[in-house]
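One chain, subunit A, links the two complexes that follow: it is found with subunit B in the first and with subunit C in the second.
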Partner chain A sequence: MDTLLQTLLNGAASGGVYALVALGYTLIFSVLGVINFAQGALFSLGGYLTYLLLGGKIGVNGALPGWGLPIALPFWLALLLAALGSGVVGLLVERIAFAPLRRRGAEPLLSLITSLGAGVVLVNLLQLLMGAEGYAFPQGAAGLAHLPDSLLLGGARIRTIQVLLLAISALAVASLSLWLERSRSGKAMRAVAEDPTTATLLGINSVAVVRLAFLLSGMLAGLGGGLIGMSVSLAGPYFGISYGLKGLAVLVLGGLGSVPGAIVGGLVMGLAEALISSAASGWRDALAFAILFAVLVLRPSGLLGRRQLEKV
Partner chain B sequence: MLRSGGLSPTDPLVARRRGSARLAAAVAGVLALLTLLGRSSDPAAQRLNPEVPLKLGAALALTGNANLYGQDQRMGISLAQGWLQAQPHPRRLVLQLEDGASDEPSAIAAFNLLIRRGVIALIGPTLSQQAFAADPIAQRQGVPVVAPSNTAKGIPQIGAFISRVSAQSSVIAPLSIDEALRRDPTTRRVAVFFAQDDAYSTAETAIFQKVLAARGLKPVSIQRTQLTDNDFQNPITAALQQRPQLIVISAQAVDGGNLIRQLRELGYRGQIVVGNGLNTPNIYPICQRWCNGVLIAQAYSPELNTPVNLAFRRLFAEANQGRSPGQIAAQAWTAYQVVFEAIQRVQQRGGFEGLTLGEARQQLMKELLSGRYDTPLGPIRFRPDGEVVQGRFYVAEVRMDATGRNGRFTLVREQELPEASP
Partner chain C sequence: MIDNGLLVQMILGALLGLSVYLPMAAGQLSLATPAFYAVGGTLAALLSTHGSSQSTISLWAVLGEMLLAAGLTAGLALLVGLPVLRLRGIYLAIATIALVEMVRVAILNLPFTGGAAGIFGIPQPFQKPFGYVLFSGGLLAVCGWLFQRLEASRLVRSMAAIRDDELASRCMGIHTTRVKLTAFVASAVLAGITGVIAAHYLNTWNARQGSFDVAITTLAFVILGGSRSWLGPVLGGLLLTALPELLRPVGDLRLVLFGLVILLGPVFFPQGLITPTLLERLGRWKP
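== the complex of A and B ==
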């Protein structure tokens, strides 16, 4: 029983972050029908921004060794501001990598490449500015110093930061879902996602909605990066890329464009990984993608996706 | 809920055809250019111009997962270059640095590029796994390779042009296990973690496990991880259920640093022995205060008081906000020093006179293997197969300062291995 609980906790903790990343993809895919490959880079950016806002200094391999912001914010505030910063850069990615192609009526496929390019440039800029070394968030400066390293929950031991990570992810996902369902701007986004032409005819500014989607998507990635940075350190500017790829798999698994699908997909992916014994851990990614493959064969629209109707 | 409708554009058929024709023309142009370039003469057949400096190539992991090591290596090479070039030397040498990234295809591409540019020798690549892929290319083209930090078994045996300045793990690894057992002779339960997707870590864990078996210890848990892992909750909870007294880790700096931190956070209080992948000060900011007490066997100690190591230590501290150098940077310095000194010796004897680059590479390889070098690692020489012969090794313990952000490898024990003495 303890082992099962341990596995569930382990799976839920990583699944929560996958869901955050997948939600970022979902928002953009819904309104534009394209995938933003810079999402992983925004994830990295969120981690680094959180680190700097917590009072961290740039390492010796960075462009400005020893430099840091003259402030050291509490963790919660740093996390929020870093998410906002990533969101603003997400907007910039939209202006550089998506908007020009959209204006020229280019194939949506091309924006995959431009967004990938924007992501690579962003990661390289991070490496130039921050250096290649790993960073861990300053101990004690995070406002979490008084917390114990780990908690015993019903016989299962879990790191305290993992519990926080799960709670914040759940809160972010719930807030986003509520906003989409209840708020005027959330409803506008759903309308654009359903049919952009009709939404525009109804007076919705679809360009503003697209920008809002990029802002929120970047914020979700930044939030994920900050949380993972707190949990396991920043393993260099590339650390967000693997989360970006996993988020992409979750997006497809849950169903393209489906918010509940992204959440369920993230949890399924996290649990699938947690269920694999360490002896077979080399097969973890293979198994995760095998599940994805099996789901897509049985249900091509994903776990909670809706079958796309051909418009004629 | 959101559903994909998309602002999908429509493209006129004519414009698409025109675009395809342009693309085809561009591809044909690039192919023609590449064909022309491919016809350029082989640099190995060209005679050396005594007025032109020799080119030395370095392919290091400046990006990707192993970039932590690559940056340290770049620093070591750069410091050696500054120090050695400031001394009188008959033959000028220019360094050409290429990013070999952290994977095999990138290392191969960097080696190929540097060889085409006509380098006399190569330093690198960063990882053993990359060396197994890239070194055969240099070997086939007769380009000497000095590996700064490829410690897996079988690297020099790739061929006659391959050598290394990094002692192999089988020589060093037992020392840290013995130190852990000396500190706690009651140790019976050992857990092993290793990164199974890394050639070096898998080779090293085999050595660690062989040493454990030789000491009568059978691991109670063997956990396989991956280099890209950063959340180790699953393998750690599985291992801790077996109540280990000692944990032995073969991984790289980032994943290993995270693993140590999470082991401590999840309540493990026993001894931790780590392998060469964590032999870098770059682990300090990752595992922070949780790094304290970690044991590691090393081929380099900053505390060695020889003139060349004192110079290295001083230059490194000046360039790194007073930090103490690690083994990776020391080995990279050594690799540059070895090539530099061998070239100067050949030059002093007039050995490059009238030679083609290919012949000069052969001449350099002979000289390189026959020399003795006083390096930051201590005195070293090479066996005829390119394996380094180094006699002095160290066991260190990580000690973090009060801030938990900076630390050092404190020397615990120094050991002379007579069979490995130069």
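== the complex of A and C ==
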């Protein structure tokens, strides 16, 4: 029987990952006003890259059964490099799925389709290379081996990996917020989000800002994928898609384009899911969307979003 | 290459494409089609397997199911449409994705819908796929005839006006909510009755039939076929349903190629395959 503290911590840990995904959407939405539907696929990619960098081998259904990287990196490094890899692929998605449409001044909703297409390509390439089977991460990965399996916290037994999950996502979210708030490039991004034309007139290279947003957004998704792979497992190439959809729900819950909203929304969603009794666990997946639906109908600006004024 | 079985699926794809096209013709990006498709299919599966284990069913019974499915989906669409259609652009798209996911999880978890495995042994009104080709082809023809007939009607012109400028059309005295709701309900009904035919044709029905993936593929039908005329989604539905089958020789690469088509289609054909210029050139078909 789980204690309440256990449940809350588990909820906060998955909430942290939801926040990562939602922040990825937020960065791109605030500078371009569009949703990158390839986010879920980048999440999957991050998980698989982490697996390979940790020294995991490709299963029997993959393109190269039994093949693996000749290295086994420590967990921290693998996670970081995998996130970077997803970020670079995110940049590629921008180049192929978004940039050509933007240059032509096409209907922004078209990028919904193209980014989805990019996601379909990515997921199916993963499937081609790694097979459809699930993967569990190598046990006792370097850098984690000396940590105990679980911790005793206030009378509750908590898996170490859940604590790590929460700590790493909190660290990522905090450094991202700090960067947006303080650094020159972070301020440039906020300026472009506020008003791209004025920002460009003020000498901000808005193209570079957009690329940076895609890089960071891909990194956040990849990081989430690596963390979930570590704490649960990789349940096939499509596993990121459901996290991508949940992140979308969190994004709306917090308010589109709002950074604190994405964080609060992620935590609310994670906790709400954790508090659903295990008897109704089949319905858990509907919760995110029921919340999403209710928020859109009752308060479309989200928990912490700004009310948008319609320009005529 | 294209046998009768694939032809049925292509026609069902075209019908679903039309269902996505309807709200879009009124400027509303709704992805709700798979939700209503799933409702229609589940209804047919439940009704036709309830209390009987026969492997055939009369065509009249199927028509009755279609009528019921039309009523049920219309009611649902009215209920959902009123609050949801106040949303615009991306918000509406996300809300309808949420609807699709809620319906999927509900069908997966309800005690009488067979769980993940779904419902099996749905009786057949036709013994050969060719019967389904005639039946669904007939429905598609009726839809096409209706679309063509209504092209110049007040309703369809109001839809086009809302698509071009919602505020201006409201100023012109168009009851925008009513027009948008009509398009949404019509889209739901079309998806629902398509679901009924699909359930009988597939012989089995489960929650995966109406998932996020279906929302994407059906949207791709409209975007790649062209969203400026009803011919676009029909062509898109026929082609894109056939594509993965025709790509079968390339094996596992086919889904990658399918993704590439969705990714690059809007880049190279921003207006889709059937554009207003093309229709103009064809002369007889005025968009």
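Points worth noting:
One rule holds for everything that comes next: the second predicted complex is superposed on the first by the 301 of 312 C-alpha atoms of A that agree within 3 Å, B and C clash if a C-alpha of one lies under 4 Å from a C-alpha of the other, contacts with A are read in each partner's own complex, and residues count from 1 in each chain.
Just so we're on the same page, a contact is a pair of C-beta atoms (placed from the backbone, for glycine too) under 8 Å apart; a residue touches a chain by one contact, two chains touch by 3 or more.
Everything numeric in this text was worked out from a predicted model, so none of it was measured.
Contact with neither subunit B nor subunit C is seen for A:A78 once the two complexes are overlaid on the shared chain. Once the two complexes are overlaid on the shared chain, A:A106 sits against subunit B and subunit C alike. Once chain A of one complex is fitted onto chain A of the other, the partner contacts of A:L116 are limited to subunit C, with no touch recorded for subunit B. When the two complexes are overlaid on their common chain A, residue A:A286 makes contact with subunit C while staying clear of subunit B.
In the superposition on chain A, contact is made by A:V192 with subunit B only, not with subunit C. Once the two complexes are overlaid on the shared chain, A:L176 sits clear of subunit B and of subunit C alike.
Of the two partner chains placed by the overlay, subunit B and subunit C both lie in contact with A:Q127. Once the two complexes are laid over each other on the shared chain, residue contacts for A:G59 go to subunit B alone; subunit C is not touched. In the superposed model, more residues of subunit A are touched by B than by the other of subunit B and subunit C. Residues 34, 106-107, 124, 127, 256, 282 of subunit A lie in contact with subunit B in one complex and with subunit C in the other.
Contact residues of subunit B toward subunit A in the complex are 1-11, 62-65, 67-68, 70-71, 196-197, 222-226, 228, 230-231, 233-235, 237-240, 253-255, 257-258, 261-262, 264-267, 282, 285-289, 319-321, 323, 403-405.
Residues of subunit A touching subunit B in their complex: 6-7, 9-10, 13-14, 26-27, 29-34, 59-61, 65-66, 102, 105-108, 124, 127, 131-136, 138-139, 149-150, 156-159, 161-162, 180, 189-190, 192-196, 206, 210, 228, 231-233, 235-236, 238-239, 242, 256-260, 273-274, 276-279, 281-282, 284, 306, 308. Contact residues on subunit A toward subunit C in their complex (touch as defined above): 34-35, 96-97, 100-101, 104, 106-107, 109-110, 112-114, 116-125, 127-128, 241, 245, 248-249, 252, 256, 282-283, 285-286, 288-290, 292-293, 296-297, 300, 312.
For subunit C in complex with subunit A, the residues that touch the partner chain are 29, 83-84, 87, 89-91, 93-95, 97-99, 101-102, 105-106, 108-109, 167, 212, 216, 219-220, 223, 252-253, 255-256, 258-267, 270.
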